[in-house]
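The following blocks contain the structures, represented as structure tokens.
Shared between the two complexes below is subunit A, which pairs with subunit B and subunit C, respectively.
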Partner chain A sequence: MSRIGVIIFPGTLDDVDAARAVRHAGAEAVALWHADADLRGVDAVVVPGGFSYGDYLRAGAIARFAPVMGEVVAAAKRGMPVLGICNGFQVLCEAGLLPGALTRNASLHFVCRDQWLRVENTATVWSTRFEPGAEILVPLKSGEGCYVADQHTLDELEGEGRVVFRYLLDSGGGTGSPNGSRNDIAGITDARGRVVGLMPHPEHAIDPLTGPTDDGLGLFLSVLDAVGAAGALAEAVSGR
Partner chain B sequence: MARVVVDVMPKPEILDPQGQAVAKALPRLGFEGVTSVRQGKRFELEVDDAVDDATLAKIAETFLANPVIEDWVVRRVEP
Partner chain C sequence: MTSIQQIDTVEHAAATRDHPQPYRELGLKDDEYQRIRDILGRRPTDAELAMYSVMWSEHCSYKSSKVHLRYFGETTTPQMREKMLAGIGENAGVVDVGDGWAVTFKVESHNHPSYVEPYQGAATGVGGIVRDILAMGARPLAVMDPLRFGPADAPDTRRVLPGVVAGIGGYGNCLGLPNIGGEVVFDPSYAGNPLVNALCVGAMRVEDLHLAHATGVGNKIILFGARTGLDGIGGVSVLASDTFSGEETGPGRKKLPSVQVGDPFTEKVLIECCLELFREGLVVGIQDLGGAGLSCATSELASAGDGGMRVELDRVPLRAEGMTPAEILSSESQERMCAVVRPSDVDAFMRVCDRWEVTATEIGEVTEGDRLVITWHGETVVDVPPRTVAHQGPVYRRPVQRPTDQDALRANIPDALPRPSTPDDLRDTVLRMAASPNLCSRRWVTQQYDHYVRGGTVLAQPADAGMIRIDETTGRGVAVSTDCNGRYVRLDPYAGTQLALAEAYRNVAVTGATPVAVTNCLNFGSPEDPGVMWQFEQAVRGLADGCVALGIPVTGGNVSFYNQTGSTAILPTPVVGVLGVIDDVRRRIPTGIGGQAGDALLLLGETRDEFGGSEWAHVVHGHLGGRPPAVDMAREKLLAEILVAGSRDGMVSAAHDLSEGGLAQALVEAVLIDETGCRIAPPDGVDLFVWLFSESAGRVLVTVPRTEEPRFTDMCTMRGLPWTRIGVVDPDARALEIQGVGSIGVAELRETWEGTLPALFD
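For the complex of A and B:
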């Protein structure tokens, strides 16, 4: 069974739902403690939402220096799939695994609602289970979700198809951001399509009993396809 | 020992909704004539004399400020 790590910092809130999403998808969820420089042999890592270190200094600014994050950065550079959700997205930007930054919502209001997104890149390890252009409904809950980057970076992201999720005004409607994000960007990927960050919360939408939809499960099923196939290949090569 | 002040400000091209909210509140409070407000952060550090300017710049650039969205200035001040 594939093992997906879920990091817990002081102030992390959504690790329980992230672990539940991992189990719903059919993998083992492995808790990873911020102070341990050890990924415990996991196949992929989720950096969940919350308010790590109370959002002191800047959201994610202190978490990036946690011992576990040194291991995450090194593993990501070797190609391990990493998903950052909400505060986790902020941490990945601060850590330099993803470009840009998340700033205070343009409205200054904390936004908490079910949010339509369009899946714009179905080639990342976290999005292969979606149809191109699929519209999904997942919760959004953040006060600092305004994605910003300089124009050169935005042009690069758009030119290389690295915008994975974009905010929609409504299902079937045009794009429109609830927080002022440049280009209505809700989530992006790194150049290899293995590190993904997004502000909305797919882990809260994995079961219609407890969320608006089960649309979010697609991210977790996608990565299991990727690490499961890689694991099978490694076993075949090593003759196990 | 020396006192060091690090001022961190949002870059000019970065939207500063907090500063805008302050600017909009001023006329409501009866203060006219303030056309713009930008909100930033000020850090005051007490440092040993052995800490050189290059180290202070590194502290500002890698930790106190996020260079993607913020500018920073380090200055030594009289204690």
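For the complex of A and C:
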């Protein structure tokens, strides 16, 4: 069975949800403690949402220095799939795994709502299960969700198709951001399509009983396809 | 910084009997001060005076309410008590909800601090109630906030409301607790005195219940969490007592901040740390530090235990220099807990705290005898019998007098108020009501709260009650609702409080959960006003008698007096919270009527011409008078049984409580929640206005699948519950169509219902 790590910083809140989503997708969830520089042999890592270290300096600014993050950055460079959700996205930006930054919502209010997104890139390891252009409904809940980057970076992201999720005004409607994000960007990927960060919460949309839909499960099933296949290949090569 | 005078020791106090002390500034009356002298056989030290004054304040001692609150205990039968594991007097009531689970819930007020400093006042209100739940050994699972503000369009409401909402969100969101409901009510009486109540619900395995007892001689007292600072000193006694002027003259130091400052990150870490300590079995007794800080924690732990306690106050980690013993004892710095730990477990306890980077300090131990002795660098500054501080404060039987204007108020019936009658007038009234501040969408508020975190939220605003799953394997969960219509209570405190109970009970029942327990937060004016005390006495009796009729116990509560501006008291606001249990949250009943064309809409209960205290009279005529709607507890109980049966057998696909605004408002909400439509055909011969806007109690709008309709209506008929078929779901109509009124499209309804708060507060 594939093993997906879920990182826990002091102040991480959505770790139970991320772990539940991993289990629902059919993998084992492995808790990774911030103070241990050890990924415990996991196949992929989720950096969940919350307020790591209280977000008192700047969201994600302290968490990037945690011992576990050094391991995550090194593993990401080797190609390990990494997903940052909300505060986790902020941490990945602070750690330099993804470009840009997340700033205060344009409304200056924390916003918790069900949000329509369009899947713009179905080639990342976290999005292969979606149809191109698919519209999904997942919760968004953040006070600092406004994605910003310089024009050059934005051009690069758009030019290389690295915007993975974009905010929609409504199902079937045009794009539009609830927090002022540049280009209505909700989520992006690194150049290799293995590190993905997004502000909305797919881990809260895995069961219509407790979320708006089960659309979010697609991200976790996608990565299992990737690491499952890679794992099978590795096993075949090593002759196990 | 003021110079630190010589510390006032017990020895010094005994030698300087006639030394004048500022007890009046600390809120103590002459006779109360004399009583302290009598107990101690000398004058109190500064530190003792600080302890007694804060613990004997109205907020901590319940001195004006105690004689009335006894009625709850007197009326609770053994049968009602059956599922109660802990009740009034503990940090929070605990109920056995089955499958080995215990659930604890409680509401507390943080009214005055939230007026002075809306953000921090509201934030620390959440923090405090969460620690209360944690102190029972439970994992806090969800919060909700019953709020009351002055007129929606008043300038001061624009200052207070956004701050309160941001504070609740800022603290609760960062703590990782879903906010699953609550109330927002506007009334001129709350201008200058908003009500910010906070509720928390938590769950634990039955065997993990922890109580605040300092037992076992030699056991260590460990203070852990945040450091102790100068914030919140005197907050409890000055703010919750009879002065609001803020003369901050305490012993030793002047001009102290009176509202505490919250740090939700520290509290989140403290929660996880505590839960690990519980899991490891390292805690004998535990108490949170809230109002009255260490004064409260030490005296309550000691008086609930089987011995005395010795505390070395100089060991308390401080974040300010030069704090006096009195200041340390009264500080209300947030995010602190106090535990009683076996000596052999201290090392393990400290290791868990280290892992979470939580500061923990051994500050004392349980001793032989029955004294609470507190030392400061080796000198005794407190030496008291702890029960005299924590439990044997003054008790007042305040004068009670029915207000002289009560008869005139009751006589001013709403029957002569002009009523709409033409279809256009009725249609306009539906929209005007839907847009009014008390009935419009609360989305502007609730979307600032995270209701998803932890993944257990099954129902949240705008559902009638919040519902949380507590066991992922079995699906067992709980539903909670709080309610109170202060206008009803003003007109008739006894019946009005029963109406609050009935509505909270009904709101839980419409989700398919079985109501099992009651908590409350009794917000009233000055207890020194005999008219207010009459309201209070009537409210307590109404609530207790109502609970007897429903067969469910009051497991705890909170009293907040002195909610008034000048001599004008707020509307009496006894907020009632009801907890329900559902054995599988998958069979919860949603609030919106859904999109299944042809599903039948039934109105359960009876509609009478009842407009006393109604939202219509308030919105359209600014009128308050007459009698509130009649309340019938037996009917409410029957209604709840029918709804639970309907949920269990899959006969009901949606249910929505009727309350303020009547049937019209319930229909507006039920259509908008699911973005659907319906066609309503009022019964022949009804007065359309009364049928649509009356606020008769004991009514619910239910949606029943066509195939289940005969079975469900037969059950209602057989059990004697009146029902009326009023229409069908018609999603294609995308409108609320009412014969005799006309059609209102979903888009117009939504704009009307959702536009009000953003227009006022954005």
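The rule is short, and it goes like this: the second predicted complex is superposed on the first by the 240 of 240 C-alpha atoms of A that agree within 3 Å, B and C clash if a C-alpha of one lies under 4 Å from a C-alpha of the other, contacts with A are read in each partner's own complex, and residues count from 1 in each chain.
Quick note on the criterion: a contact is a pair of C-beta atoms (placed from the backbone, for glycine too) under 8 Å apart; a residue touches a chain by one contact, two chains touch by 3 or more.
The model shown is predicted, which means the values in this text are computed figures rather than measured ones.
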Report task. Please determine whether it is subunit B or subunit C that touches the greater number of subunit A residues. Result -> C
Query raised in the report: Is A:Leu13 touching the first partner subunit B, the second partner subunit C, both, or neither of them?
Result: second
Query - subunit B versus subunit C as contact partner of A:Ala37, first or second or both or neither - result: neither
Report task. Based on the superposed arrangement, let me know which partner A:Ala134 touches: subunit B (first), subunit C (second), both, or neither? Result -> neither
Report task. Go through the superposed model and pick first if A:Ala75 touches only subunit B, second if only subunit C, both, or neither. Result -> neither
Query raised in the report: Counting only touches as set out at the top, which of subunit B and subunit C does A:Gly100 meet: first, second, both, neither?
Result: first
Query raised in the report: When the two structures are overlaid on chain A, which partner does A:Ala149 contact: first (subunit B), second (subunit C), both, or neither?
Result: first
Report summary line: Note: overlapping subunit A surface for subunit B and subunit C spans 107
Query raised in the report: Considering the complex alone, what residue numbers of subunit A touch subunit C?
Result: 10-11, 13-14, 16-17, 20, 50-51, 53-56, 107, 109-113, 139, 141, 143, 201, 203-204, 209-211
Report summary line: Residue set of subunit A touching subunit B in the complex reads 57-58, 61, 65, 93-94, 99-101, 103-108, 146, 148-150, 180
Query - In the complex, subunit B residues that touch subunit A - result: 10, 13-15, 17-18, 21, 63-64, 66, 68-69
Requested in this report: Using the touch rule from the top, collect the residues of subunit C that touch subunit A in their complex.
Outcome: 166, 169-170, 173-176, 263-266, 268-269, 356-357, 446-458, 469, 472, 585-586, 762
